[in-house]
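Several structures are given next for inspection.
Two complexes, one shared chain (chain A), two partners (chain B, chain C).
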Partner chain A sequence: MSTILAEAPKQLGRLLEQVWLVAVLAAAWWFLSANSTSVYFPPLSKIMQSLVSGFTTGTMMRDVVFSLSNILIGIAVATVLGVAVGILIGELERLRQVLDPFLQFVRSVPQSALIPIVIGALGIGQAPKIYMIAFACFWPVLLNTIDGVRSIAPEVRDMAKSYRIPTTLRIRRIVLPAALPQIVAGVRVSLAVGVVIMVVSEIFSAVAGIGHYINMAGSSFDISGAWAGTLLVGALGYLLSVSFILFEKGTLRWYFDSAALASHGRIKTTRSRRKAKK
Partner chain B sequence: MAISEKLSPPKVVPDPKRPSGPARRPDQKRFAGPARRRKIALVMWQLATAVLILLVWTLVYASGYFSPDLVPPFWDVAVRFVGLAVDPVFWAALAATMSSALVGLALSIVVGVPVGMFLGITPAFYRSTQFLIDLGRSFPVIALLPVMVLMLGATREMEVVVVFSGVVWPILLQTIYGARRIDPVIADTVRSYRIPMGLKFFKVVLPNAAPFAVTGIRIAASASILIAVGVEVLSLTPGMGGNLARAQTDGAPALALAYVIYSGLVGLVLNKILWLAEGRFLGWNRRVTGGGQ
Partner chain C sequence: MTTVQNLDRLEERQARHTLSVQSLSKSYGEGADAVEVLHELDVRVEPNEVVCIVGPSGAGKTTLLRCLAGLLPPSSGKVMLGDQEMTEPLSEVGVVFQDYSRSLLPWMRTKENVAFPLQGRGMGRSQRMALAEQCLDAVGLPAVGRKYPWQLSGGMQQRAAIARALAYQSEILLMDEPFASVDAQTRFDLEDLVLDLRKRLGISIVVVTHDIDEAVYLADRVVVLSGHPATVVDVVDVPFGMDRDQIDTKADARFTEARRRILNEIRH
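Presenting the complex of A and B:
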């Protein structure tokens, strides 16, 4: 108890150190814009009012739900497909070599360039947006999974082969856990990609969603509404990435622990052996 | 902070410890030039895959399951693709997109690297700005577009501003990471020998941070093209993205797809060039540590 009390001021200091700048900037924005008459920089108080009224009387709540469900479904689909295909390609070295130039090309295509084509062909509803997010998020997951599968130490592979561990067991107990850190990294990248595609597809053309809200506010010269939507998207992007990092810390605790102890391959070997024994 | 470098696209570095399947067979050595032979076989397989993709494409088109707006026949796309190569409109669009992307990139290097170095060597400032940087990094800049269009109009300057605010983060983060990550033994040595601040900066911190900063720049370069095209698609600013979106609304999906293929090729070539440049100037680092990863 006494140690907690002793630690408290230190932690408070650290917290203050992290938030003071943001607080100062936010306060500066609030007070400097308070009497702003500029059309483009409305007072922050007014932006906040728009945000509150957007939630209470406007469509903001529906828009947030729409956007969030799109991105979550899209990423879930992309993760399942990306991991499955990635393990297949990563395990079959020859297939990977053949597909490599194609994968490199698809990765370089700006995903947002496909949005006009997909929306133009399939309409402005919800499904094409989910397809787009899933398609764009598929590639980072796929490429990272391939990398993760390939990074398994050759000794581990040889060991699995010597013991004639059946393929399904090998994939579940060796390949998947070994590739997991890379897969999670891929999902984190695809989260950022997904948020961009979500917003772009909604701004391009939609019936709901935060991007749609920003666009409607912007085109009707409701600047404080557009700012409110923009801030909301920023907050949403931040919250998504923070909650993912928390999730990652939970699922990959064993990895972060082991990385501190030794190189990956060895720890994974002992781990998978221990698991196989059970 | 280890998060940031995971963002970099996976590299195609041949792993000497793991040769591909066929290479392990000792009897392969008996053939004349097995490496060359394998290479030829690989290219043949890749060509076969390309043919297969075109075949599937044609089948999907012929089945009529997707509207021809989404899947036009590939020969139409091929005709447009070749047509664009001799079309001055295309080259103007390419130049416009590239120049906005590169100006935005140059600005973010000019800002990101010095600020990153500064934050990297002053822990107090680093801790104070961490939250702000996290916010900026996870902010989808494209959401700023409607506001930016209202303020600056659908202009080149607006595009540069949006590209800048999107790509400055990877450069900043990688530079901070590189400047902070100094081997404790080296840090102790520098302190024991009382190496002066300036000398330490130029001989220890800078060489240590450089590979990381360059990796950040490589990530940022690919991202700059993506953002520039995205901005053009939405705001119809002249450029590859603008032309593409207009082609789609004009009912020319094959032309739009040809633009998509070109934009992919541009990204691929740019990434390749940067990868080679990085190897040339920082090859010493890649040999030792595997490229600042």
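Presenting the complex of A and C:
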């Protein structure tokens, strides 16, 4: 109990460290824009009003649900496919050599440029947007998975071979965990890609979604509404990445702990466990 | 109940097969660029024997060990287990790799690492965990099964790697420079562990090392590799039997003699 009390001021300090810049910038924006008469840079107070009314009387809630479900389903599909195909390509050296030029080509194609084509071909409903997000997010996951599988130490492969570990068990207990740090990094990249595709695909043509909201507000000269939508996307992206980091810390505990041990000679993240014992 | 059964199993490990290579040659590369590393080697490892393979760096010791493990196909000649030709890794042969920090999987606890190869053989979880525990006991690591390998010292990790090879129920252990990266005291302890396991379990052990003292201390026979491509230049019998001692054995005149003989052969 006493340790928790002793930790409290330290944690508060850490929180303040992270929050102060945001607070200062928000305050600066608030006061500097307070008397703004520009159509394109409305006062922050007005933007906040639009945000609140967007949720209370407007379609904002429905739009957030629409956008969020698109991105979550899209990334889930991309992750499952990217990891499966990535392990296959990473494990089969010949296949990788054949596919390599193609992979390099596809990774440099700007995914958002494909949005008009995909939506033109498949319509303005929800499914084509999920396809687009999944398609764009597939590549970072795929390429990272391939890298992760290929960087498995030859000693580990020898070990698996000399102990005659069957293929499915090897994939499940050796290849997948060994590549997991890289896979997770790929998913983190695809999260950022996914947010962009999500918004752009909704701006291009949609019946709902935050991008749609921004587009509608902007084209009906409700600039503070467009600002409100944009801020909301930012907040959403931030929340997604924070929750992902928490997920990452949980699943890759061994990875962070062993790295911390190697670099500092002690384990940082198990502190909480030791504390619990006291 | 299961523990008792497993105990029986561990004690009954006993080597029954001779592991041997017959006029084994190995080349890397193809055609005109091919480099022959090993030339016409004949080596035999009899049941319950400790054989050390020494030679200067780059003599192909590790290549020979990988051939013995069935990890590398020979260019010509044969690797035999008993009267069966080995073309792939067999469960009778367990390998302890040089780089323990890599060959133990960091995402599994030590006990899971030791038990893992048994999962591939379809052994049930409780049974393989009991066996893993017993093997960790046998190598002097009774209390670390719950820890991750990277939480252990180098010597403890190498013990865990040995426990894994024991748990796999192999009757022949192949060790590639197993104690190259631990401190001197730990190295002596691990050498004595190897001798102890041989005596208690009746297994055969092959140790590749560049350390001549270590080779003579451990081995019943020392196989000396030298030259490019490497050939067996000598096989030295070491007459100390099962019981050896870090101080007395190494002070014995026959130890010094064997050591001098091997050193001369490697230098020339």
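One rule holds in what follows: the second predicted complex is superposed on the first by the 244 of 278 C-alpha atoms of A that agree within 3 Å, B and C clash if a C-alpha of one lies under 4 Å from a C-alpha of the other, contacts with A are read in each partner's own complex, and residues count from 1 in each chain.
One rule holds in what follows: contacts are C-beta pairs under 8 Å (C-beta built on N, C-alpha and C of every residue); 3 or more make two chains touch, one makes a residue touch a chain.
Model, not experiment: these values are computed from the prediction.
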item	value
Touched partner set for A:Leu143, first chain B, second chain C, both or neither	first
Contacts of A:Val200 with chain B and chain C, given as first, second, both or neither	first
First (chain B), second (chain C), both or neither touched by A:Arg188	first
Between chain B and chain C, more extensive residue contact with chain A	B
Partner chain(s) touched by A:Arg164 [first = chain B, second = chain C, both, neither]	second
Residues of chain A touching chain B in the complex	14, 17-22, 25, 40, 93-94, 97-102, 104-118, 120-122, 143-144, 146-147, 150, 154, 185, 188-189, 192, 195-196, 198-200, 203-204, 210-211, 214-215, 217-219, 221, 223, 226-227, 229-230, 233-234, 237-238, 240-242, 245
Residue numbers on chain A that touch chain C, as the complex places them	153, 155-156, 158-159, 161-166, 169, 173-174, 177-178, 180, 254-255, 257-258, 261-262, 267
Footprint of chain A on chain B - complex, ascending	3, 6-7, 9-10, 12, 15, 17-18, 20-22, 42, 45-46, 49-50, 53, 66-67, 69-70, 124, 127-132, 134-135, 137-140, 142-147, 149-151, 222, 225-226, 229-230, 233-234, 240-241, 244-245, 248-249, 253, 256-257, 259-261, 263-268, 271
Residues of chain C that touch chain A when the two form their complex	66, 69-71, 88-89, 91, 93-95, 97, 99, 102-103, 105-108, 116-117, 119-121, 148, 150-151, 164, 168
